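Questions regarding the structure given below will be posed in turn.
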Amino acid sequence: MSLEYTSAEMMTVTAARALENGTTCFVGIGLPSEAANLARLTHAPDVVLIYESGTLQTKPDVLPLSIGDGELCETALTTVSVPEMFRYWLQGGKIDVGFLGTAQIDRYCNLNTTLIGDYTAPKVRLPGGGGAPEIATNAGEVFITLKHSRRTFVDGVDFVTTLGFGRDGKGRDGVPNIGKGPTRVITDLCVMKPDPETKELVVVSLHPGVTAEQVQEATGWEIRFAEQLETTAEPSEKELEVLRELKARTERHHSGE
Amino acid sequence: MSLEYTSAEMMTVTAARALENGTTCFVGIGLPSEAANLARLTHAPDVVLIYESGTLQTKPDVLPLSIGDGELCETALTTVSVPEMFRYWLQGGKIDVGFLGTAQIDRYCNLNTTLIGDYTAPKVRLPGGGGAPEIATNAGEVFITLKHSRRTFVDGVDFVTTLGFGRDGKGRDGVPNIGKGPTRVITDLCVMKPDPETKELVVVSLHPGVTAEQVQEATGWEIRFAEQLETTAEPSEKELEVLRELKARTERHHSGE
Amino acid sequence: MAEVLSLHDAVARYVDDGATVAMEGFTHLIPFAAGHEIIRQGKRDLTLVRMTPDLIYDQLIGAGCVKKLIFSWGGNPGVGSLHRLRDAVEKGWPHKVEILEHSHAAMACAYEAGAAGLPLAVLRGYIGSDLPKVNDQIKFIECPFTGERLAAVPSIRPDVSVVHAQKADRKGNVLVEGIVGVQKEAVLAARRSIVTVEEIVDDLEATPNACVIPGWAIDAIAVAEKGAYPSYAHGYYPRHNRFYKEWDTIARDRDSFNAWLEENVYNAGGAS
Amino acid sequence: MAEVLSLHDAVARYVDDGATVAMEGFTHLIPFAAGHEIIRQGKRDLTLVRMTPDLIYDQLIGAGCVKKLIFSWGGNPGVGSLHRLRDAVEKGWPHKVEILEHSHAAMACAYEAGAAGLPLAVLRGYIGSDLPKVNDQIKFIECPFTGERLAAVPSIRPDVSVVHAQKADRKGNVLVEGIVGVQKEAVLAARRSIVTVEEIVDDLEATPNACVIPGWAIDAIAVAEKGAYPSYAHGYYPRHNRFYKEWDTIARDRDSFNAWLEENVYNAGGAS
């Protein structure tokens, strides 16, 4: 039996599965938020979702449009100030997983959300770092999820907003009190993990129906593939149902006043 | 008409009068707390009393025995954490007057609440600094109240727990972001102020019936007197009545469970 | 001691041309009414500070009030770019805006340090990021106990901070509830502060540890009903998410932005 | 994730001989029941951390549990001295206790820094005080932006923190209300934590910004009814001020202290 699903759904479901039950997760807005809430509504009911707006252990019924929608506060265990969030909860070492999106990523998982082009005369000005620079270094580990394309997977980011493993893969070596960094990248085509030694991203799993050529085509550098290349498990009926309901609820909610 | 009152009452009333209405006052426990609350219940209804336990703008009906009695929280505008109290409210420059007691004081208003004797082998171990070291430097100015005796007014404190003007009177010179320091000392005998130049304490006012000789007798160094030596105004009937009622209420309250 | 003023008078008295102004509210309680009043009064050369510039700063930038922006995330949350900010940074319209860019952690700590009266904030931050290369206010210090290298940024001490809150009592004490962001820190860190509120009440009905800012720590209180709209006020009205999406179209084009501004700000009178 | 244990088991599991232990509660919610359990279990060589040692540490010191005390104000509030502390410091009974002394501001900042995962706290403190002469952990740094000299102290990172709170829910989330002191910071700064509570309830009924410590940030919850007595629990029972005064007499004399300890701690069973 094969279900019908989109590559975006495949990505979200795969990202959601990465989150274990009971984990404390500092959630970025957008794709990470969608995946983290899907996890909470399926296999990980006790995952603790934390948003940088100060909402601790929140259980939104619809996906927030902003990082500080009222929904997040109303369903949270408690809401703390933003300085406290970054100081006690993130820097204080209480976060297992930071879940991030990005505009650009390179082979060493460095993230750029600052700009395309030159800093003083940008071609495209992006929103900036937000919480990411410290989420990436203070969380125990980091998951990244984004759509796969040559625009996003680039051979050297224009700007290192957020450290993956540095331009040479050694950016975390010898740095005290720093998290493990990115441990997996989930796209609409595949799952990648950093090589344990070099920290260069390696494709470890292709989504059903995706070929290695497609991944290479969508990647701005010559990407490596694991010797034991797996096929990502398909979304289950339950996962798709919950995800679609979540997105439908969200759509209805945000198109109202 | 002359009222009957004790020298302790004279001290408290005089200390209370020093506090202007609308002032924000960081209150030490004991004599300062008694004086500050008397001020609030008489001429200064809008004085803002702040205790280091985190209680902001509190209006206790009875005097607290400790710095964190329930009474303080129940009558406060709000109660913040102790780190916030010291960081935002005291160090943040929101306090006009720090009101302190002490075990020892010297001619330059340096305070000792640490010990009598030598630090490594103390004759008497006192409670220590508590909030005083930073109250004295971060508040706009400092009032000090204590009983006058050769045991308390000493020629050189055994330990500078809390800066007045340093051992040479120049301890605040050139220090950035520091308050004016002690501006008056109120005892059961007199009122003293630091000389504007040398910062040495000068008796500016004797309480009714007290002689200069008595003050000298109770002071461990050759104390200076102002040329225009005044006589402190007597307590009013109202002040005595309010003070006595406050102390009676307090006594009844604390002797219960 | 907080004085109750009209929003017009509060802005006229405390927001000077050339001032450093922090208007805070972390996606919640964003002081839009006050921002519009600043636009109406034609304030110029402001240095604006805000973690998440949001639509309010997009409007101030597009209206030509802003010389410099200090921020850590400048987007339309969940929607996309702030087109007026981008137009100013990329194309210099209506004029060039200088930017100084931080991370959220650093700005949150810098507000906290400002409220705490310190000149600097210390954090474990900016490791491996290029941001210190383009922001010369980010420095590093060595911990005297462990030798660890930590980031240091100057504390934020605005000339004036403007925040919105649910309610004030008649003595000017203010209750902020829900996502409290960095509002309290912004007020305490500033030389002057304006708090707009939904209403003035007899009793705040605050719990013992509620986020209450005492009236004596605030300069001006101004009533601005729906003053955070299209952002929201917990307990009063929800976020107008649809407007946030519509803003993308309005702000994308200079003419449609100007038309919107004309109709919704300049000709909207405002609290007087 | 918080596990609900008996007080006996919580102390037995998490408080080791030789550990650095912070028992906090700023005059309110002082964890007396847990302190007595530590005495009953005969823990030794503890380094105790607490801003205001109070009667609880007087008892632990007199009972011989303590090697070192880190504190900022060691008295019986409003009454006088802590006689057991003085006897240990001045006369070495039951044995010498080493002391390390701070100001309140420094300790409060050091807990805050501990909770924030930093190795140091920076404050405008200790100016002109002799305390830095007798405490070699107080250092001074120069602000890289202003050149101002500021005090630095190591953050507090206890092996275990023990605090008392009003209530926990069945997932181990804890509500602290009233004078919240440095309890939350103490818990978050520690490697392990024990929270004793008056009761376990179905719903904390906490307001949006209440001081709630999530269960996953706590190791053990133990029910200890009247666990803060003779200190108090806001909303449950008042401070027993008379006992604080009586303690002055009890603790002044070694024999009367021992007799009190025998009757009220060793033979009092305790929660099992």
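Note that the chains take the letters A, B, C and D in the order they are written out, and that residue 1 is the start of every chain.
In the analysis below, contacts are C-beta pairs under 8 Å (C-beta built on N, C-alpha and C of every residue); 3 or more make two chains touch, one makes a residue touch a chain.
None of the values given here were measured: they were computed from a predicted structure.
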{"item": "Reference subunit A; chain at largest CA-centroid distance", "value": "B"}
{"item": "Averaged-CA centre spacing for the pair subunit D and subunit A, given as whole angstrom", "value": "40"}
{"item": "Averaged-CA centre spacing for the pair subunit C and subunit A, given as whole angstrom", "value": "28"}
{"item": "Distance between the centres, which are taken as Cα means, of subunit B and subunit A, whole angstrom", "value": "57"}
{"item": "Where subunit B touches two or more other chains, by residue", "value": "73-74, 79-80, 87, 91, 138, 177"}
{"item": "Per-residue multi-chain contacts in subunit D, two or more chains", "value": "112, 117-118, 123-124, 146, 148, 178, 180, 184-185, 208-211, 234"}
{"item": "Chain contact graph, described as a line, ring, star, complete graph or other shape", "value": "other"}
{"item": "Complete list of chain pairs which touch one another", "value": "A-C, A-D, B-C, B-D, C-D"}
{"item": "Of all residues in subunit A, those that touch subunit D in their complex", "value": "22, 24, 48, 56-57, 73-74, 76-80, 87-88, 91-94, 138, 177"}
{"item": "Contacting residues of subunit C [partner subunit B, same complex]", "value": "1, 112, 115-118, 173, 184-185, 188-189, 206, 208-212, 214, 216-217"}
{"item": "Subunit C-facing residues of subunit A, complex", "value": "29-30, 52-55, 64-70, 72-74, 79-83, 85-87, 90-91, 110, 114, 119, 122-134, 137-138, 159-163, 166, 171-172, 175-178, 253-257"}
{"item": "Residues on subunit C engaged by subunit D in the complex (per definition of touch)", "value": "117-120, 122-124, 137, 139, 141, 143-146, 148, 150, 152, 154, 177-178, 180, 207-211, 234"}
{"item": "Subunit C residues within the subunit A interface of the complex", "value": "26-28, 51-52, 71-75, 77-79, 81-82, 85-86, 89-90, 101-106, 108-109, 111-112, 123-131, 134, 146, 148, 178-182, 184-185, 211, 232, 234, 238-242, 244-245"}
